[in-house]
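The chains carry the letters A, B and C, assigned in the order they are written, with residues numbered from 1 in each.
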Amino acid sequence: MAVGLSFFALLLTGVPIAFVLAASALIYVAVSGNTVLFQSYPSQLFGGLESYGLLALPLFILLGELMNEGGIGRRLMALAMAMMGQVRGGLAYVNLAANVMMASILGSTVAQIVVMSRLAVPEMDRAGYPRDVSMSITAAAGMLAPIIPPSMLFIVYGVIAQISIGDLFIAGIVPGFLLAAAFLVVIAILGRIHGFPANEKMSWNARLKAVVDALPAALIPITIVGSILGGLATPTEAAAMAAIVSILIGKFVYRELEISHLGPAFVRAARSSAVVLFVIAAAGVFSWVITFENIPTLVADWLQGLTTSPIVFLLVLNLLLLLVGMIIDPIPALILIVPVLLPVATDVYQISAIHFGVIICLNLAAGLLTPPVGTGLFTAALMSGIKAERIALLVAPFLAAAAAVIVLLVLFPGLMSLI
Amino acid sequence: DDYRIGLITPPPHQWTKTATALAEDLKAKSDGRINLTVFPSGQLGSESEMLQQLQTGALDFAFLTLGEFANRRDDYGIFLAPYIAKDVPAARKLLSGPTAQKLLKSVSKLGLVGFGYGMAGLRQIVMRGEITSGAQLAGKKIRTVPFKPELDFWVKVGAAPTPMPLPALYDAFANGQIDGMQIDFEGTWNSKYYAHAGTIIESNHMMFPMVAVGSARKWREVSDEDKKLIAEAMATRLDSLVAAYESIDADYLAKLQTSKVPVITVDRTFFGEAIDAWYAEWRERAPLLKELEAEAAAM
Amino acid sequence: MASAANDRAVRAAEHHDTDPSSLAARAGWIGRVSGLIARGEAIVAGSLAALTFLLLLLNVVTRALSVPILWVDELAVFAMVWMAFVGASLAIHHRGHIAVTLVSDALPARPKAWLALTVDLLLLTFILVLLVLIWRWFDPVTALGAEDLEAFSLIDFNFIYQEPTVTLGVPKFWFWLILPIFCLTTTVHSLSNIAVSLGRLGGWE
């Protein structure tokens, strides 16, 4: 209680969110009287970042910086535009389509928001879209990253649940495209409300030029996918490979990148990823304290006492995950929740571990975009200068669409085994 | 009294099941007085973080893999000696023998109390492509955990031991970033690594011991009666855990044999000179190895 | 060219207040120290990002040549952790951490300045508490006084100086040192922020 009150008091005062989480963990330790935890607190703060999986974040952020610096992003967007007719809100659809493509390369929402906000938002600015709206579309579409395979969340879930990550990836395909379809509908409606501009008229010559211009840029996704499937690199290392290719293309093909730009690009990448990583570290130490007090098990017992119906269980679980996702980042949340709730789901309610995983990951991915703690929101704010509160408001319709998809999957789990 | 036990294995793993059974035993034998809560999947942190929490007294008990100790003192590495135990019953004997007990006592230097050993399945090798002789392992990238004795084994085999975080392992193997891995049958089946394998080598070449430890700081505060109760319950459960691996290994091997991947069975000679070279070096590095070898020879 | 201009706008927006260093410069010597530290931090954080990047490439190359190097992953992770702490400290100087400014935005100038000062003070309090926890953990006085580190560990049940790294072969506390460094630099940044907030309340603008 005291912890909850101080949490919101600190938050509303305007204390940076990472420090709100880290301080709440301290307050919780003090209130619970388990003061021996103070001794491990500093090393847990450090340990929250000590994970190979997190390396993907700074690397993909760096890739976004370099793609932009070398003029690659601009040409990829031009290509997507050339392929689109003169539809109202064409660029918004281009953004969504580009996000679907990116999601099949990247596995992390935050990394995808960083890359796409560098690529899509400036173009949409230029075409006359209000920046807060274009940033919100980009942020929402970032939810696709951990659902359409590959996915960092599925990987972590698969390891905890000891089930095949490949099977999880396959189970994510249909939900991923359902999500994209739901977002398409939201964009269509928003387009009518806000009066999105149509694409500029493009001559066939201009379209052809855009295609030719973008050909070298296509090497980036080819490098990523190729180096993973070719057995050269892990997905994280693939980002480093693609970054090298971006530098080469920017320097020697497009001739927009100067070597003197590299230093500042590294500094910018370090600054944006540090802010996000620090939130993750603080969320990690917060969830460690909560786990120590065995809160997840108490909640699991309570949940189990509520109902015998698997559908009701999953629906209540969704509400619960929404609450968890409000405060805790997906990866610490998975470590917090899955070990206690998975046995309940599979043994008590006979829910398949794969379906359970997809539903949990969808919920937690949505949590990245819900206030008060939404790393996706923060990243979007950081990249665009728009306030996180404003973006939160504008992504709400997309979250409603995502909720509809989740309910659909709860009612018709067969959708996850279609492929 | 409330106690906590931490481990890195997920709920379906045999170690976690053992910890859960231990908690039930303790509750029953103490008439509900002792309440042990299990924290699986590294919920309280990595093994080194749990070790630190044991040292401060925040955490009461943990099941830690031997590597956490082997990287601190070479003597702990002797249980990773290749072919030191020919099968699970032999491993069970060695893990309760005098050398093992001597090492178990010495965890007090780390601020811990040792209760006994457990283990996971014997180590096997899963490879891409067809493998028929040990010489073919030369130059191959084999994923191992970064424990010195294990790495050294693979260096001496002529392979390139390659680090790979567990979450990246499936894709890395499927796509060929690594050519193979050292793992047990249980993991091979549960994580479906066999789906991308060309050969499964039943080598039984190494043990994978676990050490059950407690916090020395907290242990001082436990009553003598409960100390006895806990130590006995631990010993019983750990022994049946080790014993269980005989049938676990056999069951998962049988499951793997239903897949289309060929399983070849090999022995010490498969690895050529490598094993003798390993022993020559580790007898120097870890003086206790000779004692363990003598024990094994006497069996 | 228009997109280059846009890009600059995005970058400017990233650093919320227009020029924190010149503001800090008005905060006296503490502001100047904070500015100097921040300049160093930007270089260090950028270099650590570059190091992380190069290490991952090294991994790809050495594995392709079948001579993988064991310690690369571990060092890359530590480089990232250092980058995160150095960058997080820098973000305090730039007031670049993400916060909910709902209440602050709704307030008129003067209460807003008081609220900003409150946040600065709360932040400093947290950092000082963290500093105490870290001091107790490193316990340098007892450690330096003890005969040897093993003896120290057993008296204190504190094994910080004996914790190994998995593959790097150096004690882990060298990497943990980023925590006290973080506390020191953030203390300076935070004091400078407080000086700026006080200056505002004293009628700078």
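Structural remarks
By our rule, contacts are C-beta pairs under 8 Å (C-beta built on N, C-alpha and C of every residue); 3 or more make two chains touch, one makes a residue touch a chain.
Keep in mind it's a predicted model, so treat the numbers as computed, not measured.
Of all the chains, the one whose CA centre sits at the greatest distance from that of chain C is B.
Once CA atoms are averaged chain by chain and compared with the all-protein CA average, the nearest chain turns out to be A.
Set against one another, A-B and B-C show the most C-beta pairs in contact at A-B. Chain geometry summary: the mean Cα position of chain A and that of chain C are 24 Å apart. One finds 36 Å separating the Cα centroids of chain A and chain B. The centroid of the Cα atoms in chain B and the matching centroid in chain C are 38 Å apart. Multi-chain contact residues of chain C, defined as those touching 2 or more other chains: 63, 73. Taken residue by residue, chain B touches two or more other chains at 52, 56-57, 165, 177, whereas all remaining positions touch fewer. Shown for chain A are the residues that touch two or more other chains, namely 39, 43, 50, 52, 232-233, 236. Within the complex formed with chain B, the chain A residues making contact are 34, 36-37, 39-40, 43-44, 47, 50, 52-53, 150, 155-156, 158-167, 228-236, 288, 291-292, 294, 297, 335-336, 338-339, 342-343.
Taken in their complex, chain B has these residues touching chain A: 4, 10-13, 37, 39-46, 49, 52-53, 56-58, 164-168, 170-172, 174-177, 190-192, 195. Interface residues of chain C, counted against chain A in their complex, comprise 2-3, 6-7, 9-14, 16, 42-43, 45-50, 52-53, 56-57, 59-60, 63-64, 73, 76-78, 80-81, 83-88, 90-91, 96-105, 115-116, 118-119, 122-123, 126, 129-130, 133-134, 136-137, 175-176, 178-179. Remark: chain B residues 48, 52, 55-57, 71-72, 109-111, 139, 141, 146, 151, 160-163, 165, 177, 216-217 touch chain C in the complex. Note for the complex: chain A touches chain C at residues 10-19, 22-23, 26, 38-39, 41-43, 45-46, 49-52, 54-55, 58-59, 62, 68, 74, 117-118, 121-123, 125-126, 227, 232-233, 236-237, 239-241, 243-244, 263-264, 266-275, 277-279, 281, 371-372, 378, 381-389.
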